[in-house]
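Right, I'll just put the structure down here and ask away after.
Labels A, B, C and D are assigned to the chains in the order they are written; within every chain, residues are numbered from 1.
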Amino acid sequence: MKPELPFSVVRAGHAELRVRDLAASRAFYEEILGFVVTEERDGQLFLRGVEERHHHSLVLTEADAPLVSHLAFRVAEEDHLDALASYFESLGCRVQFVEPGTEPGQGRALRVQDPFGFPLEFYAEMQQAECLLQKYHLHKGAGVRRLDHFNCFVSDLARCEQMWREGLGFRLTEYVETDDEPRAKKAVWLHRKGNVHDLALMEGLGPRLHHIGFWMDDVVSIIRVCDILGGAELHTHIERGPGRHGISNAFFLYLRDPDGHRIELYTSDYLTVDPDHEPIRWSARDPRRQTLWGHQTPESWWRDGSPVMDWDSEAPVALSGATDARAATYIK
Amino acid sequence: MKPELPFSVVRAGHAELRVRDLAASRAFYEEILGFVVTEERDGQLFLRGVEERHHHSLVLTEADAPLVSHLAFRVAEEDHLDALASYFESLGCRVQFVEPGTEPGQGRALRVQDPFGFPLEFYAEMQQAECLLQKYHLHKGAGVRRLDHFNCFVSDLARCEQMWREGLGFRLTEYVETDDEPRAKKAVWLHRKGNVHDLALMEGLGPRLHHIGFWMDDVVSIIRVCDILGGAELHTHIERGPGRHGISNAFFLYLRDPDGHRIELYTSDYLTVDPDHEPIRWSARDPRRQTLWGHQTPESWWRDGSPVMDWDSEAPVALSGATDARAATYIK
Amino acid sequence: MKPELPFSVVRAGHAELRVRDLAASRAFYEEILGFVVTEERDGQLFLRGVEERHHHSLVLTEADAPLVSHLAFRVAEEDHLDALASYFESLGCRVQFVEPGTEPGQGRALRVQDPFGFPLEFYAEMQQAECLLQKYHLHKGAGVRRLDHFNCFVSDLARCEQMWREGLGFRLTEYVETDDEPRAKKAVWLHRKGNVHDLALMEGLGPRLHHIGFWMDDVVSIIRVCDILGGAELHTHIERGPGRHGISNAFFLYLRDPDGHRIELYTSDYLTVDPDHEPIRWSARDPRRQTLWGHQTPESWWRDGSPVMDWDSEAPVALSGATDARAATYIK
Amino acid sequence: MKPELPFSVVRAGHAELRVRDLAASRAFYEEILGFVVTEERDGQLFLRGVEERHHHSLVLTEADAPLVSHLAFRVAEEDHLDALASYFESLGCRVQFVEPGTEPGQGRALRVQDPFGFPLEFYAEMQQAECLLQKYHLHKGAGVRRLDHFNCFVSDLARCEQMWREGLGFRLTEYVETDDEPRAKKAVWLHRKGNVHDLALMEGLGPRLHHIGFWMDDVVSIIRVCDILGGAELHTHIERGPGRHGISNAFFLYLRDPDGHRIELYTSDYLTVDPDHEPIRWSARDPRRQTLWGHQTPESWWRDGSPVMDWDSEAPVALSGATDARAATYIK
């Protein structure tokens, strides 16, 4: 048994996205995707999926330009935040604690700009909200159930993977690797909560958010989203899919929100709680890793991502690394 | 080729139901089942399914007591109505023509009390309405697509079947029959439009409407109705199912509306346009005819039906025949 | 009421495809698509869907090169064949009658090379086979239910449409048209059996078969085919989809069989039996006609088709018309 | 944070069932449910679901009478077995260690008759087997994915719950309770792996196994099992459902295997990894706990269960407690 870490990350918790037109974003997230509004205040919406009992898994904040304000992970115990702060300080990162309620519904939180530039937040406590899972008559649109994962572009994948696995206790479930020697990983799927991932990292121009994945009930509810978008003549929000990933086995659909932030609707992956769960290797040359059905991935999916915020300056973090994730790392 | 009839019935067209509380019925049919309101006028609602292009397939009329005001069939040509009138007069029935617009949206219509007591209507013309099939973002609840069929209790099944088949040109697809000699049919499924039925007749206390069947897109949308009703704590509207019929192969759900009128949500039967399409016989002793899965049918389903209106007196038509359809005709 | 034709086409009936490797084709059609083998004889397989009660809806014939040997339509009465022969002779076509059993399971049949070069067959009688619809435990792979339609490239669309509608009694349900004056139709969907089509015609290099469409039970069974093909590493058979057509509203998947013949799996269109059913016009500039979700159609789908056989020479019929259907007729 | 236990149970691992006719059971589990045979040896079959990577989640052993030989849980580390042995010894239980391979594929294991009479097994290591999740072309019948949970009748629920929660670290997610004071729990759902349960306990005549629950991909695959059983005229294996549980929100189907052992096919519950996840209370008077749709539960479901084996004598363990679970504990 490995030496235990002095903290335990439970799962991906929530994200905050800056959007330019809160009303337009609300229409997309509430009417089309089916998020429930827990709280609304000046220039901000706090949203949750129909299964979720926490105050929010998504915050939309009106601003002049799209940006990812932060990505947050839930930890098991309130005092794990202090141990996490020590860990990030040991990496030379700026850390900051914010008081309960600084973010509505949220307890004391640790904010840190990680060594790769991502604005992370960790918290143990969040206010409860009503679970609407069985209030099927109130579900709208896609009826999104819950946050599943974050997927990020990072320029130095090897070091970043090491931080999340060795430093933060995430477990590897699948990875993409070049075939030529020396072999190099090009993307990794890492989890804490017992399915394929809470966080995926792809080598590329970073730090950027590639997408946020939300859990859906089944294949049919994802098809339904396509039909709803098509019916409303909002089909240009569909970027890729629906399809079946080779990696993760998930049935997926990628959407772009009104600001271009990418949302994945995701279902049907598998259980990974076993300690001897063996990671699956995919060759970077294998087209079935992208979809089991052999579908092409559009250029924009390889290229586009959302910049992330510097906690201090509130400006976008400068980018480094390959400008084209696919060109640098994948053979399509 | 059989001598042709001087008229051609196209399909089951619409029904009018008397209900006691129009607002309560509207909530059920519009919010839960997803009917679209084409027109509303004093004490009446004209509804259609999302696929339908005609003004209505269901009329709800507020009244003191629940009743089936009429069952209507569409014919191919306007002048078929005259030939139909002659046919019904030859049977000794009262017939009456009503002017276009007597029923909103409907052209000239023939009204007749058939020899078995059913208040029938035939019409060729009806005002067009917008088809909402592809406006998926506007679909509500079950998203009912279209009227499929009527199912009626009749006390003299043999003569009634004869009228519909020989007199009116309906084609038999399936039937239930006793095994003992002389064999006797206990229920028949008759169609004009090319699937299993536009009209089913079951021997029993009649004339009564057993149910109106509406077409659904698929199995999942029927499961969804159950969840919506369960979520809204309206589950007592569910009388039977979901399940797979042996007869018709349809996936079904039976609901009772706020007045007890029975609605079937129905999908996945089969094509019957071939002239050599052979009717399927089911033994009255075979439980798989009711559901392929062997589920029991509740007593109420065998027992209850909606009385029908006398066109002249507007009162319920008196009943005759077995008081318990199952006892008389089926071996459960 | 229009003057009646002296014959009535019931529906698209069956097709015969020449394939190079019967064992490979059998694996594809039987194991993946789930066709049932009714009869096998030297170099030929006679297949039907699980719902079908006729001896075959698809014939596979081993040969040196892929070809469409014939497309067959069922008529209502045996003596309609004579009236049809007269009609085609009036168009200057070669016609030929073949005796019952010339094609296994099939009664007397009329064979004709139509004015556009298609090898057509008409027949009224075909031997019954067991319906396996409710023998769900025997269904394999996709569990294809029944033949739905043929889709063909034709170089002179206007005249060809006229033959099928005025000459043969087919009804128009949807069409694609240019917006510029004079407007010209670029594709038409024509039916007899009461849903969107038995036959679609697209302007292009013809005569060629674009695809044969088979009816599936629902969306999920189509997704299942993709997963089965992906699992078996046969994903290169998937050419396009799954998706939702604007035209027809069908949920679809296009596959290429081992010889490149295109098969569509198709479900969820709508009822068209009403005599006043209004055809739907789609602009050739509207991308939603292809899919409601806005997906791009691959080049091969626009370009490729199967040549058809000359009844006399058994050689492929020479082609004429635009070499690129899309370039000539569509604005992608 | 609670004092930590010196062991960590990962999840429900596997069960061994005695069956009278191994060939008949194999047909049911392999062809209908879709289990994969990992190993077959004299009088025994070792089965796994299509997602599973361990040698087995179900062992079928031919014997004279049906019995549950053992229920097994996986622990995180091999040396947790010793700590578990100490715990059970502290309860006065007989414990026994068996060498790796005593059960094919399984490492060193701890066997214990728990204070309530259940033959439990704990193990950390099991041989890997190929994951067939993405080999969709090889899936049969229901395509069962993985073991989800055990559900047991126990006569002393309060003490048994205490053992599993306080002694073994299971977490409560839902429970049924009487409304009258003093309130008493009548059933509890307990988990380790992060969904609703690995183990449910119902007060009643025990120790008996009520059912083993297996995870299914979605609603449609459960409907498919009903159709397959109906098609094969094996519908009497269906005991209850399909339906939507109030408790757990799962979509379910209960089957009885050829020996009467009850199998649940189960999908669509929810994530429970949060440390502050609040258990849901259901009143024993609330019919929606059983199904959200209000369906009645058959008598047999309340009454029947499988006896369990005494590790030493290999005979059934004697029963105590209420003879009718429902009468004693539920108000239907």
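A few remarks follow.
As a convention for this text, a residue touches a chain if its C-beta (ideal position, glycine included) is under 8 Å from a C-beta of that chain, and two chains touch if they have at least 3 such contacts.
Predicted model only: the values in this text are computed from it and were never measured.
Chain centres here are means of the Cα atoms, and by that rule the chain farthest away from chain D is C. Interface comparison, A-D versus A-B: the higher count of C-beta contacts falls to A-D.
Chain A and chain C have CA centres that are 45 Å apart. Note: centroid distance chain A to chain D, computed from Cα atoms, is 33 Å. Centre-to-centre separation between chain A and chain B, using Cα means, comes to 50 Å.
For chain C, residues that reach two or more other chains under the stated contact definition are 134, 218-220, 227, 229-231, 246, 292. Those residues of chain B lying in contact with chain A across their complex are 31-32, 134-139, 218, 220, 224, 227-232, 234.
Taken in their complex, chain B has these residues touching chain C: 1, 10-11, 51, 53-54, 74, 76-77, 125, 128, 133-134, 145-146, 193-194, 215, 217-220, 246, 249, 268, 270-271, 273-278, 292.
Contacts from chain C toward chain A in the complex involve residues 219-220, 223, 226-227, 229-231, 233, 235-236, 238, 242-244, 246, 251, 288, 291-295.
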